[in-house]
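My questions all concern the structure below.
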Amino acid sequence: MTFLDYAPALESTSILNLKPSYGLFIGGEFVDGSGSAFATISPATEATITQVASATEGDVDRAVRSARTAYDKTWSKMSGSERGKYLFRIARLIQERSRELAVAETLDNGKPIRETRDVDIPLVAAWFFYYAGWADKLEYAGLGPKPRSLGVAAQIIPWNFPLLMLAWKIAPALAAGNTVVLKPAETTPLTALLFAEICQQAQLPPGVVNIITGAGATGAALVAHPGINKVAFTGSTPVGRTIAQTLAGTETKVTLELGGKGANIIFEDAAIDQAIEGIVSGIFFNQGHVCCAGSRLLVQENIHDDVVARLQKRLSTLRMGDPLDKNTDIGAVNSRAQLERITEITDSGEVEGATRWTSSCAIPEKGFWFAPTVFTDVHTSHRIARDEIFGPVLSVLTFRTPEEAIAKANNTPYGLSAGIWTEKASRMLAVADKLRAGVIWANTFNKFDPASPFGGYQESGYGREGGRHGLAGYLMPSDWKAGAK
Amino acid sequence: MSPRANILATTDRSHSVLGSGATEKALTTFLNGIPGVDTVGAEARAAGFASRSIKTTSKAWGLDMVMQMIDLTTLEGADTAGKVRTLAKKAIMPDGRDPGAPSVAAVCVYGDMVAITREALGSWHISKRRDGVAVAAVATAFPSGRASLEVKILDTQYAVSEGADEIDMVIDRGAFLSGSWGIVYDQIVAIKEACTRADGSSAHLKVILETGELATLDNVRRASWLAILAGADFIKTSTGKVQPAATLPVTVTMLEVIRDWYALTGEKIGMKPAGGIKTSKDALRYLVAVAETVGEEWLSPDLFRFGASSLLNDVVMQRQKMRTGHYSGPNYVSVD
Amino acid sequence: MARLSVPKTYKLFIGGKFPRSESGYTYEVTTPKGAFLANASKASRKDARDAVVSARAAFLPFAGLSAYNRGQILYRIAEVLEGRADQFVEEIRQSEGVSSSAALTQVNSAIDTWVWCAGFADKYAQIAGNGNPVSGPYFNLSTPDPTGVVVALAPQGAAGESLLGLSAVLAPIMTSGNTVVVLAHHTQPLSALSFAEVLATSDVPSGVVNILAGDPTAVMPWMASHADVNALDLAGGMELDWVQWQQMAAETLKRVQPPVKGVPVSSLERITAFVETKTVWHTKALG
């Protein structure tokens, strides 16, 4: 045994108190769904965690009506400071139950417990704390002296940061005075259902938050429902496109947070050890299942070989394994379907002539796993340089001058994120000026804060979540009448 | 001497990097050209090491290794022969309830306590057995380093002649902070020379950077390279007399230099964090940092030491807990 | 036979501790009808001087906390105050001679004031600060910076202000990271001194808030002229010699907020009154 083979340090699941099955959360209660129930599994072991209801069109209708009633009779009549107090209560409850939520998230999603414990769940609590404080200060949001809520918001979230995406959607919507119907991803419903319990503990008025579980059909039914005023979607660009098409010409407001192919730009004068960490956290954090991942490394040509060598050495201490082990760095891929997608695009990289290097992690027998992979000799026309992989796969390209770095970074229909690594502030600021990306990280990466707006240019979507800007998607200026539907 | 034109004393190492006849200006240009350190990122990396969970078999192995890496230290004006003898006995047998516990790496004292220490170690001195305890002495007007070079050389020669196996010197921080890096360099070369004995062997040299006074990680990075070029066997964080002493980000920054030097030359330099490491939990974090930065070869007393005093008792108590299954207390370890 | 009560001694709150006045003085606090309530410590100018020292020592660390952290502290104050509402209702009822329901209204308003400010800590900078579109290749950002140590005079009205007035003055000052020395309501100080106990158990770092009781006119001149005080909030000074204090403050160019009628209303302006705007430039160039 060598010291680096750290002994198992498992976080116990005994803190969980799961039911054998969960219904839909409508009107403040769990009710049976009309569709056929389905299982949610652990992607690390493929074991079933619990059974979850499937919402049909009829269930979707019930949920929307419940949200509408709550909006008309209760939530839109409530003062901002009272709405804020409910959100403060929810934030505190999340803090109190944070370990339980972290374990549940790790179990259902496959990401390491260290991430859910230290990053995801603290951010979830922080998001609710932040927006709680806006509820009675909307006149300061920059949308006029008396901005109005929209009504009922339909919200569809992805599987990569389940509870955090829920927080990004529900917190600002409620703070602004809307009620919501939220559909979590079909592979990660668990923490949304625990959140429903938290809403009950906070004594949130029934119908203000409704959680309906189901797959793509449930989402489509929700988006198409005539009784909603707003759609907020985070997920893939193709689905976002469909939503935008469906809602064209309607009064329904839409915000979309879609895919990305973020460029992480390393200049020759970068603080090299921290830049290596930035590359690693840019693409291997959360198994690369991050829309804003730094999936394209643009490294200045004169330091390319040194950077690649240092990166490969660094990857040798990344630990892939049981997500519940506190020493695990890389967890499981969320589903078999996603694993197949990652594998297919990655294989294309080799076919197109790039050089593949994979870190030598032991792959467990059961579950869905993909070892961190780095491609060098990548050209801008390669699929692995253009298509979002959404997995732990990094494509390395080079540049010679700052102008060339900017041109290559911007040469994509996406525009969500970018990274800049340099010790020279004037260059960093000038490059940031010219990058067409909604979030730019300088000398850091994958940093999120409820006070900081997040969202993309072009096909990465539109609208911002977080910060004062994040309220704009849930409010209309004073003279607009909230849609009666 | 005119500082900027000063030709530096060449060492094998500086020759390989700067060539012969290098001036202070060449050294300065080289050190200023090394990539900087982003402190926010460096602290985040260190925090990542601190969040590793070291349990059961890993913990047991780690605790034993930490114990063997300790330079058990007393550097007080009030030190007496009695105090030093007690410490030497403790160094040999840290846990009276477990004679099988390993002895520590060294006892670290002022130069005028070296002979007493060596005598107190007796057959347990490193000259008598491979797993024995060495005598390390601080020298060069420790801890401030504010004295003439002549005095510092004499201080070193005295400790070596009294029997010190290792010398922990301090760099001239005033010279460093005012940019006279050639002076800092030349002093280290001179002290390394002063470590040689008549029989041609040499006391092992640790160079203390006093990172708390260097203030920035960029300075820590540059001072580490400087010390290695000038001939350090070990680079060491602190005297323990200034706050802050050793921290995990500073240690990682220094380990990264050691890693890069090894990649450049194949030569292994040792590292010693000193001061402020009081608990086993802290010490285990340093082992993680070492293993994941430079590699497991450095997990050995030959290449990594802890400068500590109260840490040893905490390690003893942790080992007792692992053996007995219950928490221990201060009355079950010896007071030194 | 009715149980014999254990009356409370009311002391000052300085540097996170509860000392008596260094002068040894106390003064009688009574109900509006004259019935004895307590002998409260009577702050001297030296107590005030010590409070300023504590506030100064606490300033940089408090201002250095993240805004989120400060917001959490202010919210915790609200939580703890809510849990002890009954105690404060009773104290206010006796001190001010008002009904229990009026006292409860005041306590609830005070709690809501803390919640309001807690929710602004990590937001007001997004309104009071911004990027500036200067001509030329420069990055330019304006951000609010807390001004430092603020001495505040709590509202001194006949009723409805002993706890609410204190909160309405303290919370906005603390939101941005300032530290405070506050002179409580002169004749109704008990709520303020009990409120110190709430602060002491709410994760508020020592020295961030210092509460002094006694006759404000004895201490204010020393605070108004004190060179290590950055700003004065004269909210409760309407009936007192506040103009003279403002003139004294002019010697060191302190920022001075004039008195208000009654209890000040929570607003962005109450927060930004005690911040400095800092504007940073940096060149931008690709080459």
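Letters are used for the chains, namely A, B and C, taken in the order the chains are written, and counting of residues starts over at 1 for each.
As a working rule, a residue touches a chain if its C-beta (ideal position, glycine included) is under 8 Å from a C-beta of that chain, and two chains touch if they have at least 3 such contacts.
Computed from a predicted structure; not experimentally measured.
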Far-end chain from chain B, centres as C-alpha averages = C
Taking each chain's centre as the average of its Cα atoms, which is closest to the average over all protein Cα atoms shown?
-> A
So what's the Cα centroid distance for chain B and chain C, whole Å?
-> 50
Let me have the rounded angstrom distance from the C-alpha centre of chain A over to the C-alpha centre of chain C, please.
-> 41
Chain centre separation (chain A, chain B; CA means) in Å | 45
Residue set of chain A touching chain C in the complex reads 81, 84-85, 88, 126, 129-130, 132-137, 140, 142, 402-403, 406, 425-427, 429-431, 433-434, 450-451, 467-468
Spell out the residues on chain C that touch chain A in their complex, using ranges where they run on.
-> 67-68, 71-72, 75, 112, 115-116, 118-123, 126-127, 137, 139, 268, 282-287
Touching residues (chain side chain A, partner chain B) in the complex = 1-9, 114, 118, 269-274, 277-278, 317, 326-327, 423, 443-444
Complex contacts: residues of chain B adjacent to chain A = 35-38, 40-42, 44-45, 51-59, 61-62, 65, 256, 287, 291-292, 296, 299
